[in-house]
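Heads up, the next two complexes both have subunit A, just with different partners, subunit B and then subunit C.
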Partner chain A sequence: MASDIIKDLLVSLAAILFFPGGLFLLLCGLLYEWIDRKLLAQLQNRIGPRWFQPLADVIKLLAKEEVVPEEVDARLFIGLPIVALAGGLTAALYVPFAGLAPSHSFNGDLIVTIYLLSLLSLCLGLAGSNTLDRFSLVGATRTLTQLFSYEAPFLLALLGPAFAAGSWQIQEIATYTETRWLLLSQPLGFLVAVIGLMGKLELPPLDAPEAETEIVAGALTEYSGRGLAIFRLSKGVTLILGLTLIAAFYLGGVSNPAFFFLKTIALLLIIVGLKALFARLRIDQSVGLWWRYGTLLVLIQWLGMFLWGGVMT
Partner chain B sequence: MEKVQTSRSFTVPIGPQHPALKEPEHFLITVDGEIVTKAVVRLGYAHRGVEKATESRNWVQNIYILERICGICSHIHATAYCLGVEKLAGVEVPPRAQAIRVLVAEMERIHSHLLWLGVAAHEAGFDTLFMYSWRDRETIMDLLESLSGNRVNYSVNLLGGVKFDVDDELARLIYDGIDFLEKRTQHYLDVVTSDAMFLQRTRGIGTMTRSQADVLGTVGPTARASNVYRDIRVEAPYGAYGDFPVKIVLDERGDLEARFVVRIKELFESYRVIREILDNLPAGELSTRMPRRIQEGETVSRVEAPRGELFYFIKSNGTDTPERIKVRTPTICNMMSVVKLAVGHQLADVPMIVVGIDPCFSCNDRMTVVDRGQGQRQGWTWEALRRYGIRHYQRLAR
Partner chain C sequence: MKPTKNRHPDRLAGLKTWARINSPWVLHFNSGSCNGCDIEILATLTPRYDLERFGIKLQGSPRHADVLLCTGAVTRQARSRLLRIYSQMHEPKFVVAIGSCALSGGVFQGCYNVLGGIEKVIPVDAYVPGCPPRPEAIIDGVVKLLSSLKAPQGGDGTAAHASEMVEKLVVEHEHR
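Let's look at the complex of A and B:
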């Protein structure tokens, strides 16, 4: 009996620490970051990094001294990146990753997951406003402004499939979409979800919060060494979880590992293409984009769904 | 680090070290939220004492040193200097040499404008355009290298002529390169005038009216984008521009988009002039004899650099070294417009407005000794200036 409990515990621990959560997720995040960087480089007529470059970057950053600036709350400064990464890793428990069923599941875990994923932006904003650096402050303001603008449309876009499946449990929605490509019935929701993910990760053209030519590195200007490495890792985790959610909800499910990688990488290709195509939006322009078009598109989508539901019954 | 003020407005320092700036310069931007309420510029981080250095070198050595004032428009500096010195010496330069000078100047303009296009796109976060325009710029860099052996400081000019000739093989290479670039430039013109996302960052941003442009004393493409008729190549043709006239490119709008359009349209004009020169390259010598000592006198030499009017004042005292050389680069004329235009715009637009004048900071740094009515006249020697510079930068570093 006792050995069974220990065995269960070990299995869960392995699931959280190594596969599919934890280490495997981090490495996948790095792999996707490499695909992103390499493809973007190719699209921009550059050569791009070698396959181990993101890992090498993280190792180098972890080995570097972490400078804590004067007059900041050192506990917050060190703790925030860890909270951001922890949020991403916890969210991974509820997401059907690499074709496996999520290790935890309860009714309403979709909302919890979305909020855990938002921890990244929140931590970035707090990290920026924790320092006295003016670039960080402007960056933090922009990060939080962007959070408040993309979050509602992004949430609504992910609730569309939930509405169609009649459940707020990721596992059930994923089972429902396994046989249906919701991309076909909810194209607007898909579009908003993809761009919402880009906003969450502050990717170009929605990278005003870390616009290099204006505010250096935005909220992360003062970060070096370990903190920066962990923030980068948590961005990787958020990227992969976001891709998984969108692929599971809109692209006909991810229960097959091969399809999982195929679909998430295809989605990544779309995002990289968008990154290469556009000039950076100013923060007021991206807020306008979200509230004027993003939200409107999702609402039109919802209206269509309600009307269609009415017609069918 | 200075403490942030408690009120909503605070200052964001752009520079001396900042990713938006390729050279050290200090812009102190006061923002209220995201809106710029005040902008101050502080020059002088890359002062090199070039003017002073010329006074202790002879006329020939000075070509070398003046060509290094700017890393982008190096040839035009040497051209302005050589034209001035030749005027002082009363030497007539062979027409073939004049034509080759203009040829290289226009090739340099192409490389400078394409470089600017990339930098400006990068400031707007449009890195794809940045990478593409710099890739195409390699074409003209390779051509300049095959002409002179150098990619940046071509050293084409001599006092009394040029060093390098253009033969048929090279001319064919240049024709081919220009044909390729013309196609690409048309594409870039389409992009900057039709890409909706990019236009959001350029249309109506940093608008300078014609009267503002006049009052602020802007020069070059920055002024021409505000419909100011100001181009030395047209107004006072020098070198071979008399035989190969350029059409002035103007735009009425005065915003960032207009500055993109003017510079890109000038590229077409450069392509046309280069083809015309290669078609009708005058035969003859490449250089003529110059005296070692230049007769006493002073002169002014004006040329159109890629960034605008470049002004040289040259004074000779009859020896083999100049008495005084004064250089006024276009960036210093345009710099005030940045400070003026930035106010009222968003912080995100400031790097775009700065880069809109195509700044070249190390060219524009000057040192002025202000004498507050004490009436002391003080001559600085090269050694004194050097010691002062070392002390000054040590103080800045502390």
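Let's look at the complex of A and C:
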């Protein structure tokens, strides 16, 4: 009896620490970052980084000196990257990652997951406003502004499949979409979800919060060493979880590991293409993009869904 | 110190050195150059030469950078900025002086308003001569710097020495 409990505990610990959560998720995040950079390099007619590049970056940053600047709250400065990474790793428990069923599931976990994923932007904003550096402050303001603009359309876009499936539980939605490509019935929602993920990760053209040609490195200007490494890792985790959610909801399910990797990488290819195509938007332009077009497009999508549902019944 | 504290110090140090060699992020600072060398640095960073192959990335913040690429003969006005940028970078950090002016003052040697070379202000780890040096020469300089890290006590020894030297210089500068 007692040994069974210990065995269960060990199994779930291994699931959280090594596979599919924890270490495996972090390594997958690095792998996807490499694919992202390599594809972008190929589109720009370059050779691009070697396969271990993101790993070398992270190890180098971890081995680098870390200095807590003057006049900052040291506990927040050290704690915020950890909270960001913890948010991403916790969200991984509810997501059907690598073709496996989510290790935890309850009714309404979709909302919890979306909130956990937005911890990254919140931590970036707080980290930036924690320092006195003017570039960090401007970057933090823009990060939070962008958070408030993309979050609503992104949430609405992910709720479309939830309405279609009639459930707010990720596992049930994923089972429902297993046989249906919602991309075909909800193309506008898919579009908004993909661009919402790009806004969340501050990828070009929505990278005004970390525009290196005007505000140095945005909210992370003062970060170096360990803090920067952890923020990079949590961006990788958020990227892969966002890709998983969109692929599971819109691209006909990810219960097969091979399909999981194929579909998420195809999605990444779309994102990299958009990155390479567009120049950076000003912060007011990206806010306008979300509130004027993003939200409106999703609402049109919803209207269509309800009208179609009314006609069918 | 306990012997069990760190059982594989060599392996860990080797991993760190490997990561440093494979991921040098650079910061570019013009300390009063004529912009010739700066244009060459920018050309080096373009897709034609594609330094991301070696993991070299241009960073905006001194906090993120490992290698400071310096050009120019260091005008008196640029001295304090150069010092500040250098002290804002985190250990381990390296400096590459690019172009004849950065090495010796070049044609401006002996002018009343220049100090005549990066090494008069901060410790330099690699020198790239030329007026201006071609992108190939800059890549060669950075690669030579990185291969010097592989030598025993290459990186950390010089870095510790350098930070001592800079502290002295900053104190001296504030006394002026």
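Everything below uses one rule, namely that the second predicted complex is superposed on the first by the 313 of 313 C-alpha atoms of A that agree within 3 Å, B and C clash if a C-alpha of one lies under 4 Å from a C-alpha of the other, contacts with A are read in each partner's own complex, and residues count from 1 in each chain.
One rule holds for everything that comes next: contacts are C-beta pairs under 8 Å (C-beta built on N, C-alpha and C of every residue); 3 or more make two chains touch, one makes a residue touch a chain.
Predicted model only: the values in this text are computed from it and were never measured.
**Student:** Quick one: classify A:Ile283 as touching subunit B (first), subunit C (second), both or neither.
**Tutor:** Once the two structures are laid over each other on A, A:Ile283 reaches subunit B alone.
**Student:** First (subunit B), second (subunit C), both or neither: which does A:Glu151 touch?
**Tutor:** neither
**Student:** Between subunit B and subunit C, whom does A:Val216 touch in the aligned arrangement: first, second, both, or neither?
**Tutor:** It touches subunit B and subunit C both.
**Student:** I'd like to know which partner A:Asp36 touches here: subunit B for first, subunit C for second, both or neither.
**Tutor:** neither
**Student:** Quick one: classify A:Ala56 as touching subunit B (first), subunit C (second), both or neither.
**Tutor:** The answer is second: A:Ala56 touches subunit C but not subunit B.
**Student:** First (subunit B), second (subunit C), both or neither: which does A:Glu65 touch?
**Tutor:** After superposing on A, A:Glu65 lies in contact with subunit C but is clear of subunit B.
**Student:** Name the contact category of A:Asp109: first (subunit B only), second (subunit C only), both, or neither.
**Tutor:** neither
**Student:** Based on the superposed arrangement, let me know which partner A:Leu132 touches: subunit B (first), subunit C (second), both, or neither?
**Tutor:** Touch status of A:Leu132: first partner only.
**Student:** Is A:Glu202 touching anything from subunit B or subunit C once the two structures are fitted on A? First, second, both or neither.
**Tutor:** Neither partner.
**Student:** Using the superposition described at the top, list the residues of subunit A that contact subunit B and also contact subunit C.
**Tutor:** Shared contact residues on subunit A (touching subunit B in one complex, subunit C in the other): 44-46, 135, 212-213, 216.
**Student:** In their shared complex, at which residues does subunit A touch subunit C?
**Tutor:** 37, 41, 44-50, 52-53, 56-57, 59-60, 63-67, 135, 212-213, 216-217, 220-225, 228
**Student:** Which residues, counting only subunit A, touch subunit B once they are in their complex?
**Tutor:** 43-46, 70, 132-135, 137-138, 141, 204-205, 207-208, 211-216, 276-285
**Student:** Note which residues of subunit B are touching subunit A in the complex, please.
**Tutor:** Within the complex, subunit B touches subunit A at residues 1, 3-4, 10-13, 18-20, 31, 33-34, 121-132, 135, 195, 197-198, 200-201, 346-351.
**Student:** Considering only the defined contacts, which subunit C positions touch subunit A in the complex?
**Tutor:** 15-16, 18-20, 22-23, 47, 50, 52-53, 55, 59-61, 63-64, 66, 90-92
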